[in-house]
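Presented sequentially are two complexes of chain A, the first with chain B as partner and the second with chain C.
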Partner chain A sequence: MTKPKIAISWNSSCGGCDESIVDIEDKILDIAAKVEFVLWPCAMDFKYDHVRALPDGDITVSLINGGIQNSHQEEIARLIRKKSKTVVAFGACAWLGGVPSLINLKNKEELFKSSYLESISVENPRKTLPAIKSKVDNCTLTLPEIYDTLYKLDDIIGVDYYLPGCPPTADLITDLFLKLIEGGLPEKGAVLAPARSLCISCPRNETKPDNFEIDEIKRIHEIIADPEKCFLVQNLLCMGPSTRDGCGCSCIKGNMPCTGCFGPADKSDQGAKMIGTLGSILKGSTESEADRVIDGIADPAGTFYRYSTAASMLGRKRKEDR
Partner chain B sequence: MGKTITIDPITRLEGHGKIDIFLNDDGNVERAFLSVPELRGFEKFAEGRPAEEMPQITSRICGVCPGAHHMASTKALDSLYGADPPPAARAIREIYYNLHFFEDHVLHFYILAGPDFIVGPDAPKESRNILGVVDKLGVETGKKVIDIRKKARALISEIAGKTIHPVLGLPGGVAKTLTEETRKDLKKFSLEAIEFAQFTLKAFNDIVLNNRKYLDLIESDIYYHESYYMGMVDEKNLVNFYDGDISVINPSGEEIERFRPSDYLDIIAEHVESWSYIKYPYLRKIGWKGFIEGPDSGIYRVAPLARLNVAKGMATPLANEEYGSMYNRLGGKPVHNTLAIHWARLIEILNSAERISALSENPHITSPEIRNMNFNTPSEGIGIVEAPRGTLIHHYKTDQKGIITGCNLIVASLGNSAAMCISIEKAAKKLINSGKVNEGVLNMVEMAFRAYDPCLGCATHSMPGKMPLKIYIRDRKGKEITTLSQNLTESGYT
Partner chain C sequence: MADFKPKIVAFLCNWCSYEGADKAGGQKLNYYAGIKIIRVMCSGRVDPYFVLKAFREGADGVMVLGCHPGDCHYRKGNISALKRMRLLEKMIVQFGVERERFMLDWISAGESEKFQKTAEKMTSRILNLGPLKLEGYVKRKAAQ
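The block that comes next holds the complex of A and B.
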């Protein structure tokens, strides 16, 4: 039997997804013996030309992390799609845009201006900006075009599966590899983690009463969080109720609330769902009282859509607001 | 102009990069460029975020060194709120940070850079990776590497919640106390880690230093360039990753600057080129003179060799002995051989293992007093740590509520961004003659950047301006439905 061919690629991402693959530790040697890698820039020396030379559909599965933020990423994502039978959007950024998609709340012009012209440490008297094409000593150099919007992967190419997490856990990755090798992947389109709220597996769930109300929202540095008690009961915003299970509650075990990296538990909008949850527990019989409680949420967009701005109902900042 | 050779993507690093090598009509290298085709904009979208979320948001700049951003950010919050962490919190942060250093450096040596030496610089590309390393050193060694990293990362997770993207840091403290049981585990781990570090140094000695071909490579002018160096030192002028002054030495080894985090803008400035999204930091007083080496150029280098070059020695005994051996062998300080960064990195592995051992005996470390909540009204904060890849600076400005209004990051790999361009161009010019080039030679060009262990994801995080947070919710046709601003009530969700 020929070994399944695997490609691992990255876009607008941080390398944490790649590192998480290395973190499957003892199992990586067994798995590596059963597959053939054809691309993994972080760890292996195959170049894009190697992938270009493969027949279409030759790669069994490609694991692609990161959203698409420039023309080079788009080109490589399309190339890999063409060469692959199956594509997995690997991690929160590929699935929903991830933290980098918060850039959709700004515009590209603002980004360039602030980065290269107005930054307090930049000295740029000639007002040089990176350009798609430039000439230095007769050498022509090119750069990809940075997009105004960061796209989630399935806005650009077809995606067969979604693996949640920032990054996905070693257990989920191992499970994915085993299913790739031995079979047993679910129906296409599936999100490869339990379709239920994180609260269900949270060790603090027992301390959450069926009915409770909170009269204010505190910020995490303002109180000393009880290490056993439900964060919401402690007036801290925890994204657990609207977040998918499967992370092992690692942040909560670190005594910090969930920030939502596993995305929505179902097809709903993660932020809207959390706002709904808050609506049912925030105390406020009058409008002004409700306003006061809600004002405690210092950063609604960055809280409710920390990992999913590119997939959210927020869309992006209006371009005419440049 | 003759042929152009493009290496795309450059590999075994974090982030995106490509090398363009331009040959003249004789087939010799005219110019070579390392460019970074990415820009993400963390500094820009930090605006509007609550400062206390920054340790978790900025860790997403890099999933390989999330601990470094997390810690620089946490220290910037200490400075922002004027709250020094209590002794237990400081010790917990530092032990966490040394665990991070340990596992990150081990990853680089065995998985990213090791293949060039252990498998061979011009070995076939199919085997020039961790699997090739395991083949060469034996499965037992492979398992040893996996095992020690697994233990380090389990301890990181115990202390900081998540290994990749930790949740430890808060202004003036940490989120979680350290139990007596964990303290004992740390002590036990540190002894194994010290042994592992010594094993790795011995392997480096046997495989690299005792091989004339490799030693020649380290000492050759292909991988040599003179520059300034920057790194953090403690009060005794010894290497420290977590806290201290920043020292800068000139190419002859004399200290020319010593500064506190708050003064970084007097020392460092950044230059912009049209052909890369990355920026190029340099020493402000010397100025930007182009991609040239030597004392007239403000280009400086950071990361392991830079840290060792600026310091008087290591703060732990075994690492300090190794420090002495390295400089003896390479002919005194400062060392300008780029490939010696690998050696310095291994000495730092030993240093971090010894620091974990010492900190695990710190009497404060299991104290429940982990928070200082005596906060000033926030306005501005600067935090600096040594990241595995060099000096890392986080600078935040906020309103009175602690909401970010400006953010400036000078990221570790950026410190080496200009130096890497010089290194790869120099290597390309020395290695490619009369158009003779093959895949092995190109990998040897890549080795010139790989020694720096660059994190190009970090380097393209990218900055400040001012804009109130306002989000328009539109329907599919782009028609505005409603506006979401700082005040949720406008959204109509309730």
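The block that comes next holds the complex of A and C.
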């Protein structure tokens, strides 16, 4: 029997997802013995031409991390889709856009200005900006086109499974590999983590009283958080109620509130659900009292959609000039 | 812009605002016909998701109307709605949607005239702002 072929690829991501695959430690060796890697730009030396030379559908499964923000990423994603039987959106960025998709709250011009002109660590006296074509000594150099929107992977190509997390946990990755090799994956389109709120498995859930109100929102550096009490009761914003279970509560066990990397618990909108939750627990019964507490949330979109702006209901900042 | 016919989605609570709108109808008080009324049991039932979905699917404006504070049939559903919607208003601005495209107000079962006035106020606001044209997140062609 030939070994299943596996490709791992990255787009707009930080490399943490690739790192998390290595983090499954010695199990990676067992897996590597049972499969054949055909592409893994972060860790192994394959060229895209190797993939182009494969027959269509030859790769058993491809794990793609990162959203799509430029034409190169789109081309490679489409190539891998064509050559693969199964594609897994690996991690929060591929599934929901992830942290990089916060750029959707700005426009491309603002991105260029901030990254290439105004950032204090950048020295750019000639004010050079990335261009698709530029002439240097009679040569024309080309770069991929940067899009003004970061797309989640399934906006560009068909995706069979979604593995949440920033990055996915070692347990989930090991489980995924086992099921890929031995079978037992659920129906296509599934998100490979339990469809329920993180609060269900949170060790602090018991400490949450039936009724409580958040009087003033605090940030984690402003108080010394009790290591056992529900964060919301301590006036700290915890995304647990609107976030999917399955991470093993690693942040919470480290005394940090959930920031929502496992995405929405169902097919709805993570931010809308969090606003729904907060409506029930923020203190105040008049507009001004409500606003006083709400003022404590400086950046609602960035807080509630930290990992899912591209997958949010509104998706990106409205384009003014159309 | 002259032929702009705004689409406005209005979530009305069963116990007060829907009654108020009903009464406005009974009294033949005119208001803009492009306001699409959706009856909900309570303004507290309006998930912020519904509002975002309305915008995404083509609404130029969204209204949530409930019982006056203190009059909620379920005691404080409208107060939860108040807090949700104030936070939601703050957030939609970050997505480039003007705060004025959303309205939360209180209308009792007897306030048919207030319903008419509020509806007209919202309509003129949206007429001034123009179409939302929220393409949002343009889904690219997915190749399976």
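Side notes on the structure shown:
By our rule, the second predicted complex is superposed on the first by the 306 of 322 C-alpha atoms of A that agree within 3 Å, B and C clash if a C-alpha of one lies under 4 Å from a C-alpha of the other, contacts with A are read in each partner's own complex, and residues count from 1 in each chain.
As a convention for this text, contacts are C-beta pairs under 8 Å (C-beta built on N, C-alpha and C of every residue); 3 or more make two chains touch, one makes a residue touch a chain.
Model, not experiment: these values are computed from the prediction.
Which of chain B and chain C touches more residues of chain A: that partner is B. Of the two partner chains, chain B is the only one touched by A:Glu25; chain C is not. In the superposition on chain A, A:Asp154 contacts chain C only, with no contact to chain B. When both complexes are overlaid on chain A, the residue A:Pro300 reaches chain B and chain C alike. Touch criterion met: A:Asp291 reaches chain B and chain C at once. When the two structures are aligned on the shared chain, A:Leu105 is found in touch with chain B and with chain C. With both structures placed on the common chain, the touch criterion links A:Gln69 to chain B but leaves chain C unconnected.
After overlaying the two complexes on the shared chain, residue contacts for A:Ala195 are found with neither chain B nor chain C. In the superposed model, A:Ala53 makes contact with neither chain B nor chain C.
Within chain A, the residues touching chain B in one complex and chain C in the other are 105, 272, 275-276, 279, 287, 290-291, 294, 297, 299-302, 313-315, 317-318. Across the complex, chain B is touched by residues 10, 12-20, 22-23, 25-26, 28-29, 32, 41-49, 69-70, 72-73, 98-100, 102-103, 105-106, 110-111, 113-116, 118-124, 128-131, 134, 136-139, 141, 143-144, 146, 166-167, 219-222, 224-225, 227, 250-256, 259, 261, 272, 275-276, 279, 287, 290-291, 294-295, 297-302, 306, 313-315, 317-318, 321 of chain A. Those residues of chain A whose C-beta lies close enough to touch chain C in the complex are 78, 81-82, 104-105, 149, 151, 154-158, 268-269, 271-273, 275-276, 278-280, 282, 284-287, 290-291, 293-294, 297, 299-302, 304, 310, 312-320, 322. Those residues of chain C that touch chain A in the shared complex are 44, 47-49, 51-53, 55-56, 69, 76, 79-88, 90-92, 94-97, 132-140, 142-144. Interface of chain B with chain A (complex): residues 1, 4, 7-16, 20, 22, 30-31, 33, 35, 37-45, 47-50, 52-53, 56-57, 60-64, 66, 77, 81, 107, 111-112, 125, 128-131, 134, 139, 142-143, 146-147, 149-150, 153, 157, 159-168, 170-172, 175-177, 265, 268-277, 279, 281, 284, 288, 371, 373, 375, 395, 401-403, 406, 408, 410, 443, 455, 457, 462-465, 467, 469-474, 480, 484, 486-489, 491, 493-494.
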